[in-house]
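Order of writing sets the chain letters: A, B, C and D. Residues in each chain are counted from 1.
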Amino acid sequence: MKRPLEPSAESRGRIVGITDGVFAIALTLIVLEIRVPSHEAVHSEGELLSAILALAPRFLTYALSFLTLTIFWFGQQAQHGLIAKSDRRLATLNLCFLAFIALLPFSTDLLADFLEFRLAVLVYWLNLLMLGLTLLASWRYAEKNGFLAEGVDAQTTRTVYLRIVKAQILWAISAALCLISPLLSVGFILVVQLVYATAPRSSLLRHIVG
Amino acid sequence: MKRPLEPSAESRGRIVGITDGVFAIALTLIVLEIRVPSHEAVHSEGELLSAILALAPRFLTYALSFLTLTIFWFGQQAQHGLIAKSDRRLATLNLCFLAFIALLPFSTDLLADFLEFRLAVLVYWLNLLMLGLTLLASWRYAEKNGFLAEGVDAQTTRTVYLRIVKAQILWAISAALCLISPLLSVGFILVVQLVYATAPRSSLLRHIVG
Amino acid sequence: MKRPLEPSAESRGRIVGITDGVFAIALTLIVLEIRVPSHEAVHSEGELLSAILALAPRFLTYALSFLTLTIFWFGQQAQHGLIAKSDRRLATLNLCFLAFIALLPFSTDLLADFLEFRLAVLVYWLNLLMLGLTLLASWRYAEKNGFLAEGVDAQTTRTVYLRIVKAQILWAISAALCLISPLLSVGFILVVQLVYATAPRSSLLRHIVG
Amino acid sequence: MKRPLEPSAESRGRIVGITDGVFAIALTLIVLEIRVPSHEAVHSEGELLSAILALAPRFLTYALSFLTLTIFWFGQQAQHGLIAKSDRRLATLNLCFLAFIALLPFSTDLLADFLEFRLAVLVYWLNLLMLGLTLLASWRYAEKNGFLAEGVDAQTTRTVYLRIVKAQILWAISAALCLISPLLSVGFILVVQLVYATAPRSSLLRHIVG
């Protein structure tokens, strides 16, 4: 007999569908903040060059948003590649994760506009923290309820936990650096994200980021 | 012989595709209403804190929209997990459902801006009602035309009906409360949606929400 | 040996993916034109009611856009359900179709804002015509190059042609009516679209719309 | 034993999903720049005609963006049709490609607004160059790491490289023409894109574009 919303592979497939949709939209929407300079203010090649160079912080924001989205797209994917089926609660946890993904452009814009304010760094860090917590909660839920795919052993399970916790520790340290200077804090976050996004093969770095 | 738009599993697959697309966009677009404070109005950490706290109603609206979208994503999914194939009429009913999903950000914004007006509550309730009616109509159509999956028995069919009707009764009661106070009405809707979104295991609550 | 972009089932699958994406976005974006009334202009339930009623043309536009998108979503789906594989040229024809789908919100807005102008009706009709022509071209191309699925006989092929041509004739007649009055023209298009979207079982209507 | 983010067919499937999503959004968003003329400025059919004709550059921009998106959608698809599985690094290269796809509407708008400026042509060309480089990098990575599908021989591999390099040479020549005149440069790019988008069968052209 079939019951509505039983744990199933299809439910898992739909989570993947809505997740890729939200990430695709987020990736595209963050570019909309980069606006073409007004034609009236530009009368020469030199003025156009200045106008484009003035957009530099926006391109930096775009790169930052892009890196963060990349990291969490892989984070979600790493989990779901190891999960065989999903029920309603696991799907809800994933939607909560997506709700904070959808908030990332806001946090990133706030950070870009208020780079010199500690509060902007804290809001951004809070967003990263909530993303980590929802990933952690959904992995724990999948593990406790036997939704993991066959062949996922205790060591792999532990690796997933460790990766999330290690990244959060690095971001917490970065956030704490805003007691010295908000810019130092942002710089540190950027470095952490670059390391995660490029997934370097260097053994020292791999040891730190898990 | 093949005919255009015969009832098929592929038609069902495309409904799933367009549904997840509309939900992904709706989830992302409702965040766009949360705007970063203007830099000119903010000169200190304290002023930035006030500016962010002033966004609180927007974050509440976002949470409300998110809960409602979650509930109806599961509602649609609960049905389609039990439907094996789809014809053009069933797909049209699903598109009508999506048309009212696409209207939800409008209704939620109206509610957020006019929390103290009965009419705003009624418009929001009307949107919830239309979502329920289109779900009801598509379930009835699928049942009458033999599109249900094998193994869906009479009891499961009845459960799907009951869940939709029970939710609508709770929302109708919530809407009626606006005769006393619109805010009470909104508070009641929020509680109903939190209960549905979290799908609690408590037996009393499960008995009420079906 | 594998060559890049050979006719394949995967290529067909990706056309389906990008098509449902464009339709999902179009369905959601047309709602963004319905804006919540400004709070400053509204001081009573009565004023809110007037403000919402003043949005009526926007809701009509939304319904019209929704019907047109529905019709062409089924049109594209009717074809692709009968096509087994796709090459690059067929995919390009489908992208041209999507380019005119993406233009529909513009044409519909123009029509809504300039209901009393013949030119607005003509632009809208031109958009419908281009959608029909791209569908016709891609069906013809699939037929000539042997991309149709097994079991698609000559009669089904003819039915697909006839449906497109019949709809275009009805829209051409509607557009011609703007010589008498643009509003009559729009009314006629609306009726035609309602008939197609609801796919009535009445034998007379089915005979006309194919 | 399963490890997170091992090279897999599923990872490849998700790249396809997010790619089609980004392209679908890009195709739809570039139309939003075409705005309906304001009703106040238009009092006759003649004035509406002028207002619509004044939008001509926007329609040209739309066509240009559309052609470019078409070409790179096929470029990405040509590659991925020949790749059997994907790991995290290949996915990251694909996301970088998508980041530059998402930037295309900006570059195209800049070009449309500053057609007579060399710098606008250079920015547009830089965007095309980055798209080519990311495609080249991901093909090279897939080849070196054994991710190519069975049946992809050395000649096919070489064809993929050659196509990318030939297109880039044609665009570099187009860009260099802006030393004579930016408009000549744009015209040349347009011709190159039309040739690629229509994929002509003429043997001379095929020989040039690969």
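Heads up, the rule we're going with is that a contact is a pair of C-beta atoms (placed from the backbone, for glycine too) under 8 Å apart; a residue touches a chain by one contact, two chains touch by 3 or more.
Quantities reported herein were computed from a predicted structural model and do not represent experimental measurements.
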item	value
Chain D against chain A, contact positions shared by both copies (same if over half, else different)	different
Most widely separated chain from chain D, with each centre as the mean of CA atoms	B
Centroid distance [mean C-alpha coordinates] between chain D and chain B, Å	37
Averaged-CA centre spacing for the pair chain B and chain A, given as whole angstrom	26
Chain B: positions in contact with at least two other chains	17, 21, 24-25
Contact footprint of chain B on chain A as seen in their complex	1-6, 8, 10-11, 14, 17-18, 21-22, 24-26, 29, 88-89, 91-92, 95, 98-99, 102-103, 105-106, 109-110, 113-114, 117-120, 123
For the chain D and chain C complex, residues of the former touching the latter	16-17, 20-21, 23-25, 27-28, 30-32, 34, 36-37, 39, 42, 45, 48-49, 52, 62, 66, 70, 73-74, 77-79, 81-82, 149-153, 155-156, 159-160, 163, 197-199
